[in-house]
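First chain written, first letter: the chains are A, B, C, D, E and F, and each begins at residue 1.
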Amino acid sequence: MKKVVTFGEIMLRLSTPGYAKFIQADNFNITYGGGEANVGISLAQFGIPAEHVTRFPDNDLGKAATSLLRKYGVQTANILYGGDRLGIYFLETGAIARPSKVVYDRANSAFAQLEPGMLNWEEILKEAQWLHWTGITPAISDGAAKSCLEAITVANKLGLTVSADTNYRKNLWQYGKTAREVMPEMVAGCDIIVCSKGDAADMFGIEPKKGEGSGFVSVCKQLMNRFPKVKKIVNTKRESISASHNTLTGVMWNGAEYLKTPMHQISPIVDRIGGGDAFMAGLIYGLLTYNDDQQALDFAVAASALKHAVEGDANLVTAEEVIPVMKGDSSGRLVR
Amino acid sequence: MKKVVTFGEIMLRLSTPGYAKFIQADNFNITYGGGEANVGISLAQFGIPAEHVTRFPDNDLGKAATSLLRKYGVQTANILYGGDRLGIYFLETGAIARPSKVVYDRANSAFAQLEPGMLNWEEILKEAQWLHWTGITPAISDGAAKSCLEAITVANKLGLTVSADTNYRKNLWQYGKTAREVMPEMVAGCDIIVCSKGDAADMFGIEPKKGEGSGFVSVCKQLMNRFPKVKKIVNTKRESISASHNTLTGVMWNGAEYLKTPMHQISPIVDRIGGGDAFMAGLIYGLLTYNDDQQALDFAVAASALKHAVEGDANLVTAEEVIPVMKGDSSGRLVR
Amino acid sequence: MKKVVTFGEIMLRLSTPGYAKFIQADNFNITYGGGEANVGISLAQFGIPAEHVTRFPDNDLGKAATSLLRKYGVQTANILYGGDRLGIYFLETGAIARPSKVVYDRANSAFAQLEPGMLNWEEILKEAQWLHWTGITPAISDGAAKSCLEAITVANKLGLTVSADTNYRKNLWQYGKTAREVMPEMVAGCDIIVCSKGDAADMFGIEPKKGEGSGFVSVCKQLMNRFPKVKKIVNTKRESISASHNTLTGVMWNGAEYLKTPMHQISPIVDRIGGGDAFMAGLIYGLLTYNDDQQALDFAVAASALKHAVEGDANLVTAEEVIPVMKGDSSGRLVR
Amino acid sequence: MKKVVTFGEIMLRLSTPGYAKFIQADNFNITYGGGEANVGISLAQFGIPAEHVTRFPDNDLGKAATSLLRKYGVQTANILYGGDRLGIYFLETGAIARPSKVVYDRANSAFAQLEPGMLNWEEILKEAQWLHWTGITPAISDGAAKSCLEAITVANKLGLTVSADTNYRKNLWQYGKTAREVMPEMVAGCDIIVCSKGDAADMFGIEPKKGEGSGFVSVCKQLMNRFPKVKKIVNTKRESISASHNTLTGVMWNGAEYLKTPMHQISPIVDRIGGGDAFMAGLIYGLLTYNDDQQALDFAVAASALKHAVEGDANLVTAEEVIPVMKGDSSGRLVR
Amino acid sequence: MKKVVTFGEIMLRLSTPGYAKFIQADNFNITYGGGEANVGISLAQFGIPAEHVTRFPDNDLGKAATSLLRKYGVQTANILYGGDRLGIYFLETGAIARPSKVVYDRANSAFAQLEPGMLNWEEILKEAQWLHWTGITPAISDGAAKSCLEAITVANKLGLTVSADTNYRKNLWQYGKTAREVMPEMVAGCDIIVCSKGDAADMFGIEPKKGEGSGFVSVCKQLMNRFPKVKKIVNTKRESISASHNTLTGVMWNGAEYLKTPMHQISPIVDRIGGGDAFMAGLIYGLLTYNDDQQALDFAVAASALKHAVEGDANLVTAEEVIPVMKGDSSGRLVR
Amino acid sequence: MKKVVTFGEIMLRLSTPGYAKFIQADNFNITYGGGEANVGISLAQFGIPAEHVTRFPDNDLGKAATSLLRKYGVQTANILYGGDRLGIYFLETGAIARPSKVVYDRANSAFAQLEPGMLNWEEILKEAQWLHWTGITPAISDGAAKSCLEAITVANKLGLTVSADTNYRKNLWQYGKTAREVMPEMVAGCDIIVCSKGDAADMFGIEPKKGEGSGFVSVCKQLMNRFPKVKKIVNTKRESISASHNTLTGVMWNGAEYLKTPMHQISPIVDRIGGGDAFMAGLIYGLLTYNDDQQALDFAVAASALKHAVEGDANLVTAEEVIPVMKGDSSGRLVR
C-alpha cells in the first residue's frame, strides 16, 4: 500500500505525573506530539505506511523526537534538521471539574522557521497516496503556511487524496495574516475536511442557513459550494460532562447523506489529548479500508473513544482493538 | 490586604502510592498537612496573605514542613521550633467500596507540647484581619487548648474576625478534659463557625427542636443564642456513594436565611483529604471578596469540590479556577 | 484452626505501570500470582491458616515468588524446587472501552513439569481441613493433572473438604487430553465447586433443561446428579459495562435453595485480575465462619468486589474490611 | 538445625531516594530494620533457621513490619502486638564528604513499653541453640532491659550460646539508668561479644593496659577476667575515607590468639547501614559452620563488606555469595 | 543581619534520571536554577538573609520557579512577572569518561527581555548589605546588561559590597556587544570577583606577566590596577580526572597575600552543576563570618566540594555541615 | 554507505532498579538486547546504516522489541515473526565486591526455533557490505546454527566482510552438538574475529606455543593458519578490580603486527552489560572509517569504555563522543 504523508510541527510534551499541578511536580513525563504526527503514528499502528514530514533542531531533542516517530513505525526520511529550538508544551492533567491545562512554549521553533522551498515535495510525495495537514500549520508562521500550500499543490498535481483538520486556534495566528486570508486557498485543495460549525464561521465566514437541514449540514453544503473539491466533511460532537467524563459522536456530510454514529461514553478519561487526531487517523483508515462512509465514520469515532484510554498524544491501539468497539462492544472484557 | 492567621498542628503525611495497601507499599509520598494550615495554603493560592502559626521540632523534618508552607506562599515567621517530634499520619488511599484509611502517630508532638505563653499573640495578630482555628487543636493537649484560647482572646481584643471548624474527633480528646468543657469558651469568641448537627450535639449538647425549620436551622438558632458573637454557621453535606464518588452541598444559616448550594458530583475522587479545609478557605475568601453570603457559600463548595481533584492535603487551585465551577460550569474542558 | 491447602501454579506477573501499553512501557511492576495461591493469600489475610503447594525453579525468581507468599502469611514448607523456569504473564491494564490484555509465557514451567509422586500428599494434608484446586491445573500438563488428582484422592481419604473452581480455559488444554476426559474424575472428589453454565457445557456436556428453574439451577441439579459428593455450586455473574465499570452478583445452588446476592457496582476498577479468586477465598472463609449459606455467599461477593480496588492478583483486605460491604455499606467513608 | 533467636526493636526506616536531602524529598523508601532483626534476616539468607522476637503496635505498620521479616524467612510466631507506636528512623544517604544522616523518632515505641514477664522465654527459647541481643535494647527502657535480662537468664539455663553486640549509644540511655549499671549483669551471661575499645571504656570502665599486647587484646583480657563466660571478643575496624569509601578489617581475641582479617576496600558504598549487623550474622554463621575462628572471622568481615553493596538495613546475600569474597576474590565478575 | 541580593536569570532545569541519555529518557527531573540564584539559595541555608531578583513569565512555570526560591527561604518580593517564556536547560548526567551534557533553550526568555528601568534598585537594595551578579547576565541581552549595571551603580551609591563571578561563556554573547565592551564598567563597581586566568584574558585582555609570581597573582595585580575597587580576587582550580572524579582547590589574591586551600578529592560525583556557585556562596558566608581570608576561602572550597554530593543546581548543605569538611574531616561518618 | 547486517537473538532484559537484589525488587526496568543487535544499535548511533535480522514471537513483546530497534535507527524489514516466545534475561546489578547476576530464561525462543531456509539471505544481504554474527547463535539451536551458516555462505558469495565474536558460553551448547564441531566451518568464512585465548582453546583446541611471541599472538598465528580468510584477530583484556571498577585494554594481531591500546580506567561502572558488543561496534566503525588498525582499535576500546557509563545493553554514544576518549581525553568535562 502507498504511504500516507502527514506534515506538521511536533512539540516536546512535558506532563506532570498523575494529577499533580505544575507547582507540585518534581518530574515531567516526556513524549513528543503534534496533531498531524499523531495521525501518522495512529495510522502506523493500523498497519498503514505513514511518513511524517517536519523540521527539528539539530540537537539531542530533535533526535529524540525523531526516535519516537521511528519507534512507532513512522517513516522519517524527509525530516529536516536546523533552526533554533523544539517547541514545547506543558500539560497538567485535570480530573472531575478541574480542567487539564496546557502551557505553550512554541514560539521560534525550528518548524516555525520553515521557509518555502526547503522541502522537496515532488520527491516526498511521489510514492504517497494521501497528504494530511491541519489548520495549526498555517497558523504558526508565514513560512509554515507557504510550505503547507506547496505540499497541497504538489499533492493535487500528483493526484493524492488531501485531508485537513481545519482546527482554528485563535491564539496561534500571530504572524500578521488571518485564517480567513490564508485558509481558503489551502482548503480548496482538499478532498476531505474535519470542520466544525465554529471553524466554518471563524475561518470562512460561513453560518448555517435556515431550512437547510441541521446547522452542520447547511454549513457543509456551503463549504462544498465554495470548495468544490471537498467531498466529505466530518466532525465530532464532544459533550464534556466533566474533565473525567466525556461523550463523543461523529457526524459526516458526504454531499448526499448526513451520517451519524452512536454516542460513546468515555469515563474515566486517561488522557484526553489527541482525541481529534485519533478520529482523523481512524477516518483515513476507515475510508481506505471500508467502501462505506458509515463504517469509516464508526471506525473513526471508536478509535477516538479508545484514544482517551491511552497515555500520550498518539493513539496506539491497533485496528483489531478498534473493531469490536466500532461494532458496539464497549465492554472492555479482559483479553487473554 | 491584611493577613489571615491560621493556627494548628501540621503533621508529616505519608501516603502509599496509587491504591497500594500499607502492607504492599515500598515507598510513601511525602507531604505535610493539617486542617488549619491547609486553609492557609489555599488562601495563599487565592491571593490572600496568609500566615500559619505552629510548633515544629528543631530538626530536618520541622524544617522541611516549614519549607512546604513557604513554597506555597504562606508566611512562617512566627513558627516555634522545639519539642520532641513531628506528628505523623499514614494514609492508604481507597477506591470503590474500599475506604481510605488513616493511621495516626501524633502523640507527644512538638505542637502538643505547646504551653501557654510560648506564643506572643499580640505581636502575631497585630497586622492580621482574621484568625482561624479548628476543634482539633483544643483536643490535642491542654497546652494547645490554652494557647488557642489565648489567640482567640487576643483576636477578639484586636477586633479580628474569628472563624472555627468545630470538627469533633472523639478519639483525640485524651488529656483529661472533654470537648464540652473546653469548647464553649472558645466558640464564644467566634464570628463564623463550621458546625454539623453531630458536632453541636457532641460538643454543646444541642439537638434540633421540632418546629424550628430543618434540623440544621434549629441547631444554628440555639448555637447563636448560646454564642451571640457567632453570625454565620455553615456546613457541608457529603453523600458518600463510594470511596470514589461523593456528592457535596453547602448550607449556611446567617441568622436570617437558610442558604444552600447546588449539589456537586465528585467522581472519580483523586484525594479526599482536606475537602473540609478547602471549603473553609473558600468560605473565608468568599466572605472577604463577595458582599453576598450565597456567593461566598457557592465559592466555598466549588473550591471544596475541586480539592478532590488535587493531590495532597491542601487545595492548590486558584480563584480563577474556582469561579467557573462556582458558576455552574463543571465541564472541565481543556484550558489552552 | 486447621489449615486450608491450595495447590496450583504461580506465575511471575509483569504489568505495565498505569495504563501504559506494552509498546510504551519502560518498566514492569512485579508481583507473583496464580488462581489458587490468590485464594491462599486472601485466606491468610482473613486469619485462616493457609498453605500453598506448588513447584518453582530453583533460582532467584523461585525464591522471590516464595518470599511473596511468606510475606502475606502463607505457609510454604512443601513447595518443591526444580524444573526449568517460572511461568510468566504480562499484563497491560485497560480502561474505558480498552480491555486489559494478558500475554502468557507459561509453557515448560517448573509446575508444568510436575510428575505424579513428587508431592507427598499424605504428609502435606495431614494437618489440613480443606483442599482447594482449580481447573487450570489439570489443563497445564498431564503431570500437573495427575498430581492434582493425587491430592484430591488423599484429601477425600483424610476427610478434608475439597473445593474447586472449574475455570475452563480452552487455550490451555494443549498436552493431548481434553477437559471432558480429565475433569470428571477430579470434580467427583469435590464438595463445593464454582462452575458457570458455560463451564458445565464445555467440561461436562451439561446444558440447562427446560422446566428446571433458571438455567443455572438446572445445570446444578444435573451436576449434583452426576457428582453426588458436590453439595454446593456457586458462581458469579459479572456484567462488564466497560473495562472500568463492572457489576457483580453471586449465586449458589446448595441442593435445596437458589441463593443470590445484591448486585455490587464496581467503578472505577483498580485491578480486575483475581476477582474470581477473591470470591472463592471469601466463600471458603464464609462457609468456615457463618453457619449460613446466604451470609457466606454475601461475604464472598463483597470480598470479590473489594478485590477490584486492590492492586495485584491477590485480595489483601481483611475480614473486618469485608463485613461492612457485605452488610450493604459500600460508601467507602474514610476510616481514621 | 536449631534456630537462632534474635531479640530487639525494629523501626520503620524511611530513607530519601538517591542522595536527596530531607528538604528535597517527595517520597521515602520504606523498609524495616533493627540491629538484632538485621542479624536474623541475614542468618535466614545463609540458611540458618532464625526467629525474631519483638513487640509491635497492633496496627497496619506493625503488620507490615512483621511481613518483612516473614518475607525474608524469619520466624515471627512470638512477636507481641500492643503498645502505642512503631519507632521510626529517617535516613538521608550521603556521598563523598557529605555524611549520611539519621533522625530518630523512636520514643514511646511498643518495644520500649515492654514489661518484664510479657514474653515467655522458656517457651520461646526451648527449640533454640543461640540467643543474640545488642546493647541498644537495655538502653531503650527499663522494661526492655529487664526483658532482655530475662532472655539471657533463660538462655543460660537452657544452655544456649549467647552473643551480644555491646553497641554503646550514649544518646539512647535516657530512662534513668546508665550502661555501667545495667550492662555488666547482662554481658556476664554471654559467650561471644562484639566490643570495641570505646565501648569497653564507656560501659565497663576498662582501658588498655600497657604491656598487654595491642590495646584491643589488653581490653579483651580484662573483659574476660571480669566476665569469665565470654570466650570470644570480636570487633571491626572501619576506616572512613569518605562517605563513599570505607575500609574494613575484623579482629578477634579468642582467649588464646589475636586474629585479624585482610582489609576490604568498600567503594562506592551503596548503603552503609547495618554493616555491623551483617558482621555479627556472618560471625554466627561462621562459628556454626567452620570449626575455625579465623575462617569464621573472615566470613564475617566479607559478609559485612558485601552488605555495603545491598540496599536497606539487612544483608540479603547468601553464603554462596560471601564465600568467594571471604577467600579473597573481590573482583565482582558478572555471574551468568 | 542585612540581606544579600542576587540578580540573574533562573532557568527550568530538566535532567534525565540517573545516567539516562536524552534519547533514552521518559521523564525529566525538574528543578530551577541559575548561577546567581544558586548563590542566594545556598546563603539562605547558611542562615544569611537572601533575596533573589529576576524576571519570570507570568504563567505556571514562573510561579513554580518562584515557589522553589521560597521553599528554600529566599525572598522573592521583587521578582517581576512578564515577557514571553522561561529559559530552559536540559541536562544529561555523565559518568566515568562520558561528560555531562547541557542543551540550552534560553533565548527570548522573560529575563532576556528585561529593560532598564523595570527594576527599582533603590528600593530593592535599600535594606541590603551585598549585591552579587555574574558575567552571564550581561551576556544574555543588552537590557539585562543595562539592568545589571543599574544595580551595580545603585549598590555602589548605597555602599553595599558588590561581588561578581566573571564567568565568561563565549556562546552566550550574541546580541551584538562583546564582553570586552561591556564587562569593564561593571567589574569596576565590584569589591570581590571570581576570575580565572582565562576569563581575564578573554574579557579584559590581561595575560600573566613574567616575574610577577604565579600567573594567577600576576593577573590579579593587573586586574586590581585596572579596577581599583576590587580588593579580593578568587578562583577555583578544578582537575577533572573523569566525569565522576574531580579535585578542587581554591586560591585567592587579596592584594597582599596569595592564599590556597588544601585539595579536595571529589568522587563519585553526584551532581556537578553549581559547584562554582556553591563556592561563591561559601565565600560570601565566609567573608561575612570569619575575619580571616584563609578561613573564608577554606569554607568556600569545602562548601563547593560538598555541593558535588547534592542533587540539583543549588547547594543545600548548612554551615554546620560545611565546617568539619573545612577543618579537614572529609570522612563522611554517619551522623545520628 | 552500504549497510552492516547483524544477525542474532534479542532477549527481553528485565533488570532490578538501582542495586536491588531480585528478592527486593518491585519492578523491573525493561530493555531489549542481544550481542549482535547491540552492535547494530551502536553502529546506527555512529551513523553507519545497520539492519538487524532475528525472529520474534508474533505478539506485543515481539513488537515492542522491534520498536526498540527502530527507535535507535536500526532497520527491521527482515525480522521474522512466529514461534513460541521471546527469550528473557533477568539482571541484578552488583557493586563493590557483589557481582552483577544474570538469570536466563531463553529456552524455546522464537529465535531458537529458526529453521534453515526461513531467511532469504540473498535478498537480505544484497545491499550490504558487512555481516556480523557471534558464537552465541550457533550455541542456541541447530536451526540457529544452520541459519547462521547460510548467512555466512551467502555473505562470502556476495563479497561482504564477515566478522564474528566467537564468545564461547559453555552453558549454552545444549542441543547435542559442540562448539568444536560447529564453529570451525563458520569461522572459516570470517575476515575479522574477536577471540580470546580461552575461546581458541575451548572452541578450536588451539593453545599458545612457546617461542611465538605473547600467548595471544601465538594463538592468532595458529588461528590464521587454520582459517586463512581471517585477517585480523582482536580481543579486550578486562581486569576486574571490583564490580564497580574495571580496566580495559584492546589488542589486535593483524597478521603483521601486535597492536595494543592504552588501558582505560572504568569507575564507577554504570552498566557493564554489552561492553564487548560496544567494542565490536567500535571496531567495525573504526575499520570502516580509519585506514589504520591502531586507530580502529583505539576507537573500539574507547567506545567500549564509554559503554560502561550508559544504561542498558547497547552503546548509545555517538562517534563525536568517542573521539576525545580515543585520543586520550577521559576527563569527562561538562559539555555545554
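The rule we apply is simple: contacts are C-beta pairs under 8 Å (C-beta built on N, C-alpha and C of every residue); 3 or more make two chains touch, one makes a residue touch a chain.
Chains and their UniProt names: A, B, C, D, E, F = Sugar kinase.
All figures in this text were calculated on a predicted structure; none of them were measured in a lab.
**Q** Considering only mean CA positions as chain centres, point out the chain farthest from chain C.
**A** Farthest from chain C by mean C-alpha position: E.
**Q** Indicate whether more than half of the residue numbers at the chain A-chain F interface occur in both copies; give same if so and different if not.
**A** same
**Q** If you tally contacting C-beta pairs, which pair wins, C-D or D-E?
**A** Taking the two pairs in turn, the one with more contacts turns out to be D-E.
**Q** What's the chain with its C-alpha centre farthest out from chain D?
**A** Farthest by centroid: A.
**Q** Go ahead and note the Å separation of the Cα centroids belonging to chain D and chain F.
**A** Taking the average C-alpha coordinate of chain D and of chain F, the gap between them is 45 Å.
**Q** Centroid from C-alpha atoms only, then distance chain B to chain F, rounded to Å. What do you get?
**A** About 63 Å, centre to centre.
**Q** Could you list the positions in chain D whose residues touch two or more of the other chains?
**A** Answer for chain D, listing residues that touch two or more other chains: 21, 23, 26, 67, 71-72, 101, 268.
**Q** Pull out all the chain pairs that touch, please.
**A** A-B, A-C, A-E, A-F, B-C, B-D, B-E, C-D, C-F, D-E, D-F, E-F
**Q** Residues of chain C touching chain A in their complex?
**A** Touch residues, chain C against chain A: 18-21, 23-24, 94-102, 104, 169, 171, 240-245, 268, 272-273.
**Q** Mind pulling up the chain D residues that touch chain B in the complex?
**A** For chain D paired with chain B, touching residues are 14, 17, 21-23, 25-30, 59-61, 63-64, 67, 84-86, 88, 90, 92, 101, 103, 105, 107-108.
**Q** Residues of chain B touching chain E in their complex?
**A** Counting only chain B, the residues touching chain E are 67-68, 70-73.
**Q** Considering the complex alone, what residue numbers of chain A touch chain C?
**A** Per the touch definition, chain A meets chain C at residues 71-72, 264-270, 302, 305-306, 308-312, 316-317, 321, 325, 330-336.
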